[in-house]
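Below: a set of structures, written as structure tokens.
Same chain, two partners: chain A is paired with chain B first, then with chain C.
Entry: the complex of A and B
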């Protein structure tokens, strides 16, 4: 039934090529529409929540990609997300850099850090990896509170950032505006999703999945199993860092809470909720989480529900909302090829 | 000075041994790391606080392990056993979720502020050993820690059930072929592990503070120890806990500015030298 629909649709439009260009046109329309239509329709409050959801969705995307492709669960997303914010804030306030320079410096420091950390921890088995990412995340949140670094990090109070100057022609101060920030976050999140979608279909994705399935066999077959996992680990953290930079550009403020374990578990829940297969699920999961948090957070139930959600989604709905919908409709059958 | 340092590190290590050997035991049988172990320890501490208010510290020290052993049985039947066929990562995530739920329920009941209980009269104050005065309670901690450690070693070494546990930890499929009932063992080991966490929680009351962040702080320490010790190796976990205690205490004396980071530095150094940890655990890759 669904196959017929597909057949007629592509038949009338003629061939693969036009389907490709149609997809590109549809994508650009979607990208543009998603970036600008909500800014006309939704209130500032909803846009703020939505942007928060998109940032969480990007974190979830990075958690989900590593989980789905490499079988590794990272519980340290917050340390990269918050760490990026801190580095940007320190670069702007302490070192007196321009926003673009602060971004680049922060980015390089984070990449260097995750390469070193990744080289240490991707060699271990998946369970040890999970424990080590948790430990590394806690290390960063302790480091920020160190007495000796108080002048830099502001201790428990966090740091305010004076947002002035511009990046790529965009005035940084403008990003505090909910509508503009939504557009920016939307475009970045969609591009990140597309990038992961592409990587999953590339050689790197194939090697990662093969290593996940049987590392020993891959090593015997002459594949290097260390470098692909390291590259995967660095890539997902790059996306987490971008989300962190976006957050600080919008909020103008970083706090130790952004490094906390709860941010990492929120990202995990968002990924599990949306479904870890593919790029759509995690971003959708982030949006769902943000709106659900608004509903329940006031009653102080967020953390409790996070725990419940982890258990329920793993035990009962391991494929998440998108996975469940796609199997129910059978429309997204192609999505499973990459799983 | 050196004697004090060693005594302090032994006191800290005692708590860590009780918790991390419990983690290593479950891992040996089920290949699962219980990320909710910190929350169980926290439950032990808060239950101990309540019971100590009503019936005194000693009652708490007896009652809490029993209650938590029951919790361990529930945990085994409701979580570990039904999820036996799922991947180990998924089960570990479920324990993480259960730990968050348990921690939040405790915070909901007891509120966010820190609590403290006093050591019983007989254990408060200090005694002087070799011209050094030392808190009695810490000596008691050391005795409890090393005592439980010795009991655990004797059990594993000299009893049939201990032998079976070692066998399953070494090679689950061969052990099953030899007719060992891993499910029944797991029931024993899980309840033992949670009971130990309960004792550790009660003992932590007068020594550390009882506060809402104690579960995460402790589970992170235990995970570091389990990784350093070689995942699943009980001997390794004990040695790693002693090492961890020493490094932590020495760090707070000699490098007070960096004390919070010292355990992580230890972890990184061990990972660099021996990625599989120092013990001979059953490491997957």
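Entry: the complex of A and C
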């Protein structure tokens, strides 16, 4: 009997270890293959488009995580994305900082801003939260156009960035190459996805979901419901800021359009298209959205076809592409078992 | 353990409670609060647990004025509450939610709570998919985690049959005695209250009407006139 129990326990532990090893190997292969195979097969144009899709996917990931874990819809993701880009660009172009110093400075300013904003808005109800993120985002997007800040922001013309120097040993000028940038964006997007996957399975994820489900009961269970929400809000905006830094490194340029509401709504749509549960859906949604926009643009009917596509996607895949596919696979598995 | 002094609560221009006093001693006391609809019973519980801020008066818990303390602070100090409308985490399994709260409150005797509330056979079920009576027990179990010193229960018998209500009251009474804690129970089922509570307070139109042992309350002519009627 004891032997059986011991055997079962060992087997379970062994099973877990082997599953974990398998997951690490599969992840390493996926990370490497995703970073380098497309650079051999795809044209520069496709790689650029794919990189834009990955950046949008990272924004969608941040929007989806907050929706899924905390039940909060943010409409101000672009203000963090574009704001981080502006700070990074100003740091390098106006303040003469090295890329690494500009990145750190921009990161600290954005995190401080997000903590202050989050402290004000995460206590509110979901509708008020959505409107407040929208208002804060619009405020930032108009602030960069102020005449008094034109010397720093370039006003409506935006800001051109001289990419020189290196970050973590990578020459930033090299990132103008579509293949190298794709590899960088892929690795960062996958790591961000993994980080959110892990957070969703951590205690913080469990507390966020419980607060979303029944905030009052959480307070009556002795939990502080404010701090976990604030941490969640800061974390998703860190990812949005990283996407903003990458955007500047790729484009060498930042403009008021990157702060616009359309970027925030595109991220929301990408998240809904891909599926908000998990990390794969939003990133896939970003890629689908970027390629679809290009295809629709080529026909000169971007807005019309985008609208039709959104309606079709949401009707056909109410839980997003990934949610729909996993349901279909589940159904297929059930049928196989039944037969 | 709990002392309420001249507590008043208003909803705009409507006074839900007026100058209510209540004294609940510890050590195994199950204190029932009864009264007709609109008497202010749930409002009293809301004011005690911090859900509603009183317009006047004080709430003292273990000698300390806690009138302005937060709900989560009160919970961490051992004041727990269950709800009239079951308040649980429907998307989590019974065990997940009990474990989440137990970890937070540092309670390593979760098995005791599961056993007392007879939830052992429902642990892996999503709370939203179990029978209402079991959901009520989960609601009470969430309040029992962390070895509370004062348990506040708002109509624990709501939605249950008279037999189930009586059984739940007996459970709570035994628990309160065994752990030498105190419980304040608001309930419409006066039979269960008189059968299990050691002290009873009657509210009427937001005012304190009487407090005493069940027999004394049952015989009090003011309580009979205002609430119990001659049938009681």
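Heads up, the rule we're going with is that the second predicted complex is superposed on the first by the 296 of 339 C-alpha atoms of A that agree within 3 Å, B and C clash if a C-alpha of one lies under 4 Å from a C-alpha of the other, contacts with A are read in each partner's own complex, and residues count from 1 in each chain.
Basically, contacts are C-beta pairs under 8 Å (C-beta built on N, C-alpha and C of every residue); 3 or more make two chains touch, one makes a residue touch a chain.
Keep in mind the model is a prediction, meaning the values are calculated, not measured.
Chemist: Given the touch rule stated above, what does A:84 touch, chain B (first), chain C (second), both, or neither?
Modeler: neither
Chemist: Quick check for you: in the superposed arrangement, does A:267 touch first (chain B), second (chain C), both or neither?
Modeler: neither
Chemist: Looking at the overlay, does A:283 come into contact with chain B only (first), chain C only (second), both, or neither?
Modeler: Neither partner.
Chemist: Given the superposition on chain A, which partner contacts more residues in chain A: chain B or chain C?
Modeler: B
Chemist: Using the superposition on chain A described above, determine whether A:251 touches chain B (first), chain C (second), both, or neither.
Modeler: neither
Chemist: Is A:161 contacted by the first partner chain B, the second partner chain C, both or neither?
Modeler: Touch partners of A:161: none, neither chain B nor chain C.
Chemist: Check the residue A:210 against both partner chains and state whether it touches chain B (first), chain C (second), both, or neither.
Modeler: In the superposition, A:210 touches chain C alone.
Chemist: Given the touch rule stated above, what does A:134 touch, chain B (first), chain C (second), both, or neither?
Modeler: first
Chemist: Going by the contact definition given at the top, which residues of chain A touch chain B in one complex and chain C in the other?
Modeler: 216
Chemist: Show me the residue ranges of chain A that touch chain B in the complex, using the header's touch definition.
Modeler: 71, 73, 75, 120-121, 123-128, 130-132, 134-136, 138-139, 142-143, 145-148, 215-216, 261, 265, 268, 300, 303-304, 306-311, 314-315, 318
Chemist: Mind pulling up the chain C residues that touch chain A in the complex?
Modeler: 49, 51, 70-72, 75-76, 80-81, 87-92, 96-97, 100-101, 103-105, 142-143, 145-146
Chemist: Help me check something: in the complex, which residues belonging to chain A touch chain C?
Modeler: Where chain A meets chain C, its residues are 203, 206-207, 209-210, 213-214, 216-217, 219-225.
Chemist: Which of the residues in chain B come into contact with chain A in the complex?
Modeler: Residues 31-33, 35, 83, 86, 88-90, 92-94, 96-105, 108, 216, 220, 223-224, 226-227, 231, 257-258, 260-261, 264, 267-268, 271-272, 275-276, 283-285 of chain B touch chain A in their complex.
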